[in-house]
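Each chain carries a letter (A, B, C and D) given by its place in the written order, and its residues are counted from 1.
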């Protein structure tokens, strides 16, 4: 890996971290009237995988989609304006935090109904396979999504037709506040996925470089027509399930749990790898972009009344 | 195993075989105005498992439920009258061939929507577990049912709560006319089921004695509170998916396929184990019962107009 | 929009063959069109409606799937978003209950929720079963569940010609369309134009004109209403029969104009009435100012119960020309004694034709 | 049956606390009652409605589940068949779309399809979301999909007292009940009797009497109609507000009697109108002979579009006391200029209270 690679990874990691921290700061002002599911602490998964994707590959995610959207290159202005409910938002304000989309960046729409995005990815993959240009789609979802039947139906169909899908499970060991023990009969998802003839690669400590490497390798096989690959990335959610704050006072988990993840924080880690000055320059540029995006969102008008009945049907 | 055991197994196997053959004979008369999914050739699975069940254990099956219903001890008169659409049918003629039920025999209602009966079994198992009397429920379904998401959701929940369920997959390698290769990414269902922490036992050649033994062992563990067990029984459907006839002229399978199954026909095999005279006595008794049940069905009246709006809601 | 002219030329074609021809012609026209679902490529070929398509267009565009309706519906939505034109087939409408999440939470909302950036042009074909012991779980007509949802379109052609025209319109439509077919209509023949044509959304058709009562039939109830009109003629009652064809968007103007003329409306649905299409049509008519005078409004549909398997009471579950005619008679001649038409005349051709199992 | 008398004694209780108390009392009464679903036993406790139950009744009767709505619904149906009384909870009604197969193909048909041998007494609780960017997939009200189906019952209490009475009635009912709750009603308080009581199916309540127009509100639209009635009073219009409470079985007699008196009906639904409850109610009234004179019938509901997230247009998605009042005014005074009430007065208390995220 070159210095540029590290710089690029850092820029992406830090941008996501700072954008979401800014979102959390803005939230109490009620400018963002939309439930936010922050990815703070989980950035490395989206960043590692998206860095392995080509610009013309697709990604699709969930209501916890800020990190993925930004890692895939989604417009920051469109993002912030969407959170503010403005007409210049990436979904004209109609989707909000849970439905981020940027088709230009090949970032497909996120869904707020758990696991609904998984079979959608198969449909795209079908098209990509027919097209024959070795393009792929990365499908992101949480550990809870693997409990929905459609997940297994999708694994079977994707494997059966060798579809170019990279399944990425962001396992933060929580579904809202419910731990894995309450939800999984068997602790290892890999044992379930392999039963469909799909290779599984995991990363337990959210090492962005390792994730990037695994994804790169997986994508090579996928592009070669070998069919889908499943990645399980263990990670940790630093904030509330939904909302801007921490929630270690809620009682369902302890702050100790978080320590190991903070110590191995990939934003810090990769930042430390950059040459003196470079990090500062990137940080400054990021702050700059964020300020501009907030200004952009502030200035953008709210959708007018006619928008209510616009786009109900496609013409 | 004692002679009585063999006699009992034979009686059950032969009864089912002859009843369904009779149903097929009657069908052209249009007395049975209900789609029939015959189990001819598959009897050994239901018979082997049900022989291992206690009378106060439950069984639940599918639209291909004739064999299970009779093996579990469902009333033959109620069965025949149900096929004839009469008021003395086990479901007052309202269910027909696809919804056989006999609560006295602990035979729960069958369903015509693939895999819908699987989570239903969990609900019963929950009640049985709370009751603490070491009772169990055997849940029967086909290979196609394992493609529905609810199957996996159910495996997870049953294993998570160690529910007393014996899952019995009757794998006849067909869903209507579609072979496994078109439906399963990976040929071995056991690899999928084990991923949920559920032990799997299979029988490839539909040996009724082996099936009975496997089920007996499995039920011992289930009653001991070890949680669900999954049985895969390979089998073969001799007749059409639906309807009374053979269909080797349809082109989707060849008669050769069937040969090995006919040669190992369990009805013949177990029959040959009985003492001279005993077999004949049982056969005669069976023919007798069938004649009586048809007469019973013939004589029973059709439901009157008031039945249309009876039992819409439970009072 | 109101009535549309019958297609000019054409050959006698069955409803099933008309569906097959429509899909065939669209697949030939647009390589993005493909059709799939449980058993689309076996020898039964969805009662002939997919016959020959795999040979002609290959396994990549015509294929059977695992029994995974939820994922296969999401797959269709994704493929549609990606620019393809999927046709997802279900041999019974009852199985659509496994597709609700993707159809309503995703397909219906795709275009709106993503600010117009994506669309989901897919066709969800689903057949309504009837007779020969279809029973509780193979006889349901659930189109009103979809007609309730903005973003979805729903169509229920009642004859071979509309079957072709509606299928082509549905495939070309840029939105998700729930395409309702009826098993008992599959053999019904009509003159169907050879060349492709569209029967567009939002246009009801006046099938026969009349002056005493407006009969709106839906799906399989259109032929039953047409027969009813003949029976009523014997009783000196002139019925105007209307086929809405498309249930969402629904053209009520044609219906309201007719009721304004006849002063009486009977909607005969091929489904349950509560919160169904018959409720919607009555509500639209009742709300309209065009009927300041006030009109007599009534509806018929499935009996409010689960469909029984045994034929004797299954028959009472459905409206039929005899019961419809008697109902109309009582509306037109409130005072008079009850009247029922000659049972022999009331029978419909297909009722003699159709013979189980499926 | 018609109106029922308000419960005698009682304390001020919130809708959420009333639900909790009902479940608590029923679980104490009958050990077969149990409650489960995604997140029922976390610290949020379904906004307090399951708080303390696990401590009191144990993990065997109060538990969180995997994210498997389809199987968990079937599990509930099976447990109900086996003699238990499951209460399955969903934090949003949108997720019921994963439960349709078991609810409609199994639960609704259990008693009939098995000739009365089995029954499925279960309660499917589902909350409707609104405001603070709930958006396309967390704001739907889908009760009419279930009200379409024979074998199911549907209830939508609009105040704390009915919440308790309906929940107890639903748990004791021998049939599957879809229990509709509204997120914005959770804080609304009312006097609720301490002892258990039932608000039985099939009885509408006249909330306030009036002479000029009948306002039927559903779920959260009842308080909005009550506020509307106050606004209309200022304009000299007397509105009679009716709450059907139970949507299936639906008591239309009370509504029809009211319309016979007022000559005008406006149904304000908390959902889409097409094939919805407002369509059903209008159709029932339009069909009834009691209104030979003819009456003015109208309905309001969600705008026929997907619910947008951004607040400016989200507000236009819903009816509110101001838009309802203006609509009524135009019905009562056809000739007159449009009228709108004082916006300040039109605001509802909870609109100031509620503040996101969920």
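Basically, a residue touches a chain if its C-beta (ideal position, glycine included) is under 8 Å from a C-beta of that chain, and two chains touch if they have at least 3 such contacts.
From a predicted model like this one, the values you see are computed outputs, not experimental measurements.
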Chains in contact with chain A and with chain D: which ones?
B, C
Taking each chain's centre as the mean position of its Cα atoms, how many Å separate chain B from chain D?
42
Interchain centroid distance [CA atoms averaged], chain A/chain B, Å:
46
How far is the middle of chain B from the middle of chain C, if each middle is the mean of its Cα atoms, in Å?
36
Scan chain D for residues touching two or more other chains and write them down.
65-66, 68, 70-71, 94, 98, 101, 105, 112-113, 135-137, 150-151, 304-306, 308
Check: chain B positions touching at least 2 other chains come out as 89, 93-95, 99, 111, 113, 147-150, 153, 156-157, 160, 183-184, 312
Edges wherever two chains touch, nodes for the chains themselves; is that graph a line, a ring, a star, complete, or other here?
complete
Chain B residues touching chain A in their complex are 147-153, 155-160, 183-186, 188, 191-198
Show me the residue ranges of chain D that touch chain C in the complex, using the header's touch definition.
70, 94, 97-98, 100-101, 104-105, 108-109, 112-113, 135-137, 140, 142, 144-145, 147-151, 248, 250, 272-280, 282-283, 285-287, 294, 297-299, 304-306, 308
What does chain A use to touch chain D in their complex?
30, 33-36, 85-86, 89, 93-99, 111-115, 144-145, 147-149, 175-178, 182-184, 242-243, 250-252, 302-303, 305, 307-309, 312
Note which residues of chain A are touching chain C in the complex, please.
89-95, 99, 101, 103, 108-109, 111, 113, 116, 118-128, 130, 149-150, 153-154, 156-157, 160, 310-315
Once bound in the complex, which stretches of chain D touch chain A?
38-39, 42-44, 63-71, 94-95, 98, 132-138, 303-306, 308-313, 316-317, 355-358
